[in-house]
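The same chain A turns up in both complexes below, where it pairs with chain B and then with chain C.
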Partner chain A sequence: MPRSAAREGSPFTGLGPVFLKEFADHLSSARMMVLMLFVIAFGAFPVASSLQQLRTVTESDAYLFLRIFTTAPDRVPISFVFALNFIIPVMAIGLGFDAVNSEFNRRTLSRVLSQPIYRDALLLGKFLGGLATLAVVLTALWLIVFGAGLLLLGIPPRGVEVARGACFLVAAIAYGGVWLAASLLFSVIFRSTATSALCALGLWLFFFLLWPMIAEAVTIAFAPAQIRSAEEFLAVEQVGLVLSRFSPGALFSEAVIGLLNPETRTFGSMLPAQMRGVIPGAPLPLDQSLILIWPQMTGLIAGMIVVFAAAYVIFQREEVRA
Partner chain B sequence: MRRLIALLALATASVLGSQAFAQAPMSPVMQGLFLLTDYPAQTVRAGEIATIRVKMQNSGLAPEPMALTLSGVPAGWKIDILGGGQPVASAMPGQNESVALQLRVEVPKDAKPGSQQVMLSAKGSRLQSAELPLTLTVGTETPAKLSLKSRLPSLRGTPRSSFEYSVTVGNDSGKDLTVALSAQGPANFQTTFTEGFGSNEISSIPIEAGQTKDIKVKVTPPRDVKAGDYPVLVKVAAEGATAELRVTLQISGQGKLALSTTGGRLSGEAEIGKTSTYTLVLTNDGTAAVDEIEMTGTVPTSWKVEFNPRTIATLAPNEKKEVQVLVTPADKAIAGDYVAQFRAGARGESSSADFRITVTTSTLWGMVGIGIIAVALLVLLGAVARFGRR
Partner chain C sequence: MTDNVIEVRGLLKLYGTTRAVDAIDLDIRRGEIFGLLGPNGAGKTTTILMLLGLTETSGGTVDVLGFDPVRQPLQVKRRVGYLPDAVGFYDHLTARENLRYTARLLAIPRRDAEKRISDAMESVQLADVLDKRVSTFSRGMRQRLGIAEIVMKKAEVAILDEPTSGLDPHATFELLQMIRGLKKAGVAVLISSHLLDRVQSVCDRVALFNRGKIALMGTVVELANKVLGAGHPILVEAHGIDVAGALRGVEGVQSVVAEGEGGWRVVADRDVRAAVAQRIVSSGGSLTRLDDLQPSLEEVYTRYFEEERHAA
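Showing the complex of A and B:
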């Protein structure tokens, strides 16, 4: 690509107006209302059921508030966290799948870019607008859950529970960011909004349904015919874990388990030698839990940035004067 | 009849041999009715009841009722003739048989010392009769007297051992006594009495006249007693008579170890692969010095534990000593809470403390994670620099 002369000024000029416009468009759109209803329907049901179950718990639990998120009630086989694991991608894809190509199709892209706004600012503004919308929705949902917990359990959460909940919220937003970046990438690649939506949803379904099975099949294929020692078993299990971690959903699940179940020491199995002297059920301090899930968080955040960078490079090289 | 006996005797003699044959003609042939008693002259005590056993023997006579009478009973005395526990007036022994009788003699309290003659006579209807003169002497009462002996009056032990003394109590008086048992020891010493071979605690024991009984005195000293000799006075008492015995406890001191930390906090943190130091405090709460104390520790697999110092030569009573313990979690340890047990052991004495160790992971990998995010951002910035501002 011939570059006659490098243009002057910050590449992010005009980021503010684009971001605000996108944010406002999202919040007022009918699509947003539908997504909101979808989220509330899927989120409220497990939370209401788990709260009902927690109200009958009599034993003292230092982390009762966190159990609202993780308890899978008897009658409803999914927990709130599990529900989030698939509603966040759907919401993120819904926000991002037509971010760029709809502008193409409405022929508004060249009009926008004729303003003193670089493409950098346009794409980043669209991404940040979507991310901010996602953050608003998730924070609102999070506050509703905490409020319902306060109301129905009648006890205030402890400081460390709020801190763990806040970290969980950050993990959820990062997870949404990955899928938002992915759908943005598809909206840059494909001119047709339907194709990009289909591709994004297809990718999500692949990781949500197919990838765990593929990871397991590959692990079994590469495992030795006979597992002789605990170390060997652990090595095979490790391979399976690493494979499954290519899915953002698996990373999000592990991060959530580490944050909301403070008793989690490790995601794999522990050797009997490592188990000796362990005080069972002793919660990890918050900083140790954060160190435990830090690789997962790193994966989510870095993945989000890399996918966005890919979308950015493709968008910059595209011909927009249609 | 006599011929028959002789014949029988001969028949027996032929079987039993020459010795029996020689005795056969010497069998008694006395005929008559006799009143018999073992001790015709007896001592009785004023105010008490004496029982005299009498036997009426019929040797070779035809049985007939014999009327029993007493004569010469002193004024104020009451003597009953009893047969089979009931007052009787006559007796009828069969041929060559005897009837047991008892004289129940009630001596008045104010009976004067001296001898009294009483005649018991039996009279049959066919001019048969027998008489038994009895001499009853009113004597003075022998006072109650007790004795107390122990074979091992001095025992040695630690404050935690129990001291058991075998004591023999003797009733040296002429009548049965119920003996009360008591003991006087230093403050907080506990004493209990048990039967010689029983486990029941007793406070008194009946002993028949002239007999002895074995009892056990168990003395439990308080745990914190200082070394030294402690006397315990064992007392028995009955009806004004007492006996005393002094037993001695030789208590040697004993050390007692207690393991703790300076603040009493039994938890700490340790980072994986790095050595953490905790300070333990070893105290001797006992009454004697503890020698050759060795420190040991039980930690999870492939952890390292060291003590500084590892051995302590001697620890005097009420002395404190600080011990540094160095714990290194294994490189492959997983963050979380673990239990380690530290022990101080000497001969016959040990103390242990459970220590809760919170294992933390190093933040190195957290830095690596931030580095990866920074690299991703750099990629983005590179893309902006390469393709930006279009």
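Showing the complex of A and C:
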């Protein structure tokens, strides 16, 4: 519908109250307790096991603290980071799947929108409230892991380890933001909270289980029957990587590997020519690691913004009447 | 500065090719209670949403307290209170917390807000449940809480969408009292409803919606004159004489029609009750009933839509 006359007043009027209410609601809700239990159940086990294993390590390791996150212990073959790869989406979806449609079903939407705020502020406030909640939970988790490491390993982390850990936390929050935006989008599209939760979880399962297989199958299908040179092999591998990176989980994994395994130089293979002068197993400095994972980070943040924008556009066009 | 708080000219709302609201004109004056009546789906709620800037208009102009809801919705929504059909509150919060949230959205300073919240709750007789969770509230209490929100907001215009639907008679009575209270406080009230007799008792003027158009507008008496014909109907019950014959001679009587057992509906151009009583008694009849028939909105409504159907 053409609307030539611009509307007056800031779109962010009332953003503060909406954000504070959403944040307070999340923190005090029963759902939050359930999600915390979930996080503890799935996070504590890998951390405890990896700590147990790391205590027996005798050789010196400059990044011992970061190994807490990445070690996949023998008995529990999942690392803490891998656990986070599915804890974060479930948490984000749990926080966002009923953000807008529950307001609609409780018939509070038209009453709230009849107060002097724009829909922009309502949606953004809900998103930021969820993101802040996610950030609080993840930060708490991160501090607990670091604290447990301090107690059980008996050595303080080095400054660079803390810095890498902090960057990892930022990546985790951005990853959560993508799924929060996706669940918010479904809560705008579907009036039924159950449908919206189902769709968000379905999308997550698709990317978590199915997408890696699909990416692989597609790559194989397009690869030449016989790979004759290293260049050809690299090209095929590159296609597979690009495809897999459509999944936010893959982006997050790569970002985490780059940050927490300082030895990482590339996510694909390296040609012998590129290996010239490389000391195998030598860690990269933090700034080089950051450059390595920069595309993954911008990808996550861009994905979050794009999905949120989609939710925003649909919400603007929605009728408020029941 | 006119005395109108809401001025609507040629307001139009299209859903595809359907004209949900079809070029209506509407004026609502300061301090009056105005009723928007009509069957469900006649365009009442759509009109209300356009007045608040919650739905885009397809044409025409709206002026609410000197502001344009399309371009200046924040200014309009700051001054207009809205009670939606079957209003909802956050169940897990108390009444006070719900109103506090609204107060924050309105950017009312905190200390001021607490006073206004308790005063508003006092005015709708909910002061004793101020700190109870809204999940324990009955439907009537939720509607009253909605009124409290409007009072707290110090709105100049209150727009109530089907405020009495689903309420028991007592709750309805109390709610209508509160609506009168709003009027006393100088608030212009716009009520949309299909419950006619309730609305009739509080409205100064009404507009009758039909298929997106305003079919009739004015006071209830004006509407009655237009639809039921001018005249002053009374109901007479008498026996012992030929009532019709006796009354036809009374000055001003236009028609006498039998209605029920021994009852007659007499229409005159003025109040002829005294003359009618005198005539019946002097003719030797015994008068058992003499009623002034107030035109009821329900009658107007039914008759209007009957005629519409015949015409269609």
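Simple rule for what comes next: the second predicted complex is superposed on the first by the 318 of 322 C-alpha atoms of A that agree within 3 Å, B and C clash if a C-alpha of one lies under 4 Å from a C-alpha of the other, contacts with A are read in each partner's own complex, and residues count from 1 in each chain.
We take it that a contact is a pair of C-beta atoms (placed from the backbone, for glycine too) under 8 Å apart; a residue touches a chain by one contact, two chains touch by 3 or more.
Bear in mind that the values here come from a model prediction, so they are computed numbers and not experimental data.
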Determine, for the superposed arrangement built on chain A, whether chain B and chain C clash or fit. fit
Put down the vertex angle at chain A formed with chain B and chain C, C-alpha centres only, nearest 10°. 170
Applying the document's definition of touch, where does A:E59 land relative to chain B and chain C: first, second, both, or neither? neither
In the overlay, work out which of chain B or chain C sits against more residues of chain A. B
So, does A:I291 touch the first partner chain B, the second partner chain C, both, or neither? first
So in the superposed three-chain picture, is A:Y118 touching just chain B, just chain C, both, or none of them (first/second/both/neither)? both
Pick one for A:G9: touches chain B only (first), chain C only (second), both, or neither. both
Overlay on chain A, chain C to chain B nearest C-alpha distance, Å: 7
Check chain A for residues that touch chain B in one structure and chain C in the other, and list them. 6-9, 118
Of all residues in chain C, which touch chain A in the complex? 45-46, 49, 52, 54-56, 58, 68, 70-75, 77-78, 80-92, 101-102, 104-107, 146, 149
Of all residues in chain A, those that touch chain C in their complex: 1, 3, 5-9, 13-14, 16-18, 20-21, 25, 29, 106-108, 110-118, 319-322
Enumerate the contact residues on chain A facing chain B in the complex. 6-9, 11, 118-120, 265-266, 270-271, 273-274, 276-279, 282, 284-285, 287-288, 290-292, 294-295, 297-298, 301-302, 305-306, 308-309, 312-313, 316-317
Where on chain B is chain A touching in the complex? 299-303, 330, 332-340, 356, 358, 360-361, 363, 365-366, 369-370, 372-373, 375-377, 379-380, 383-384, 387-390
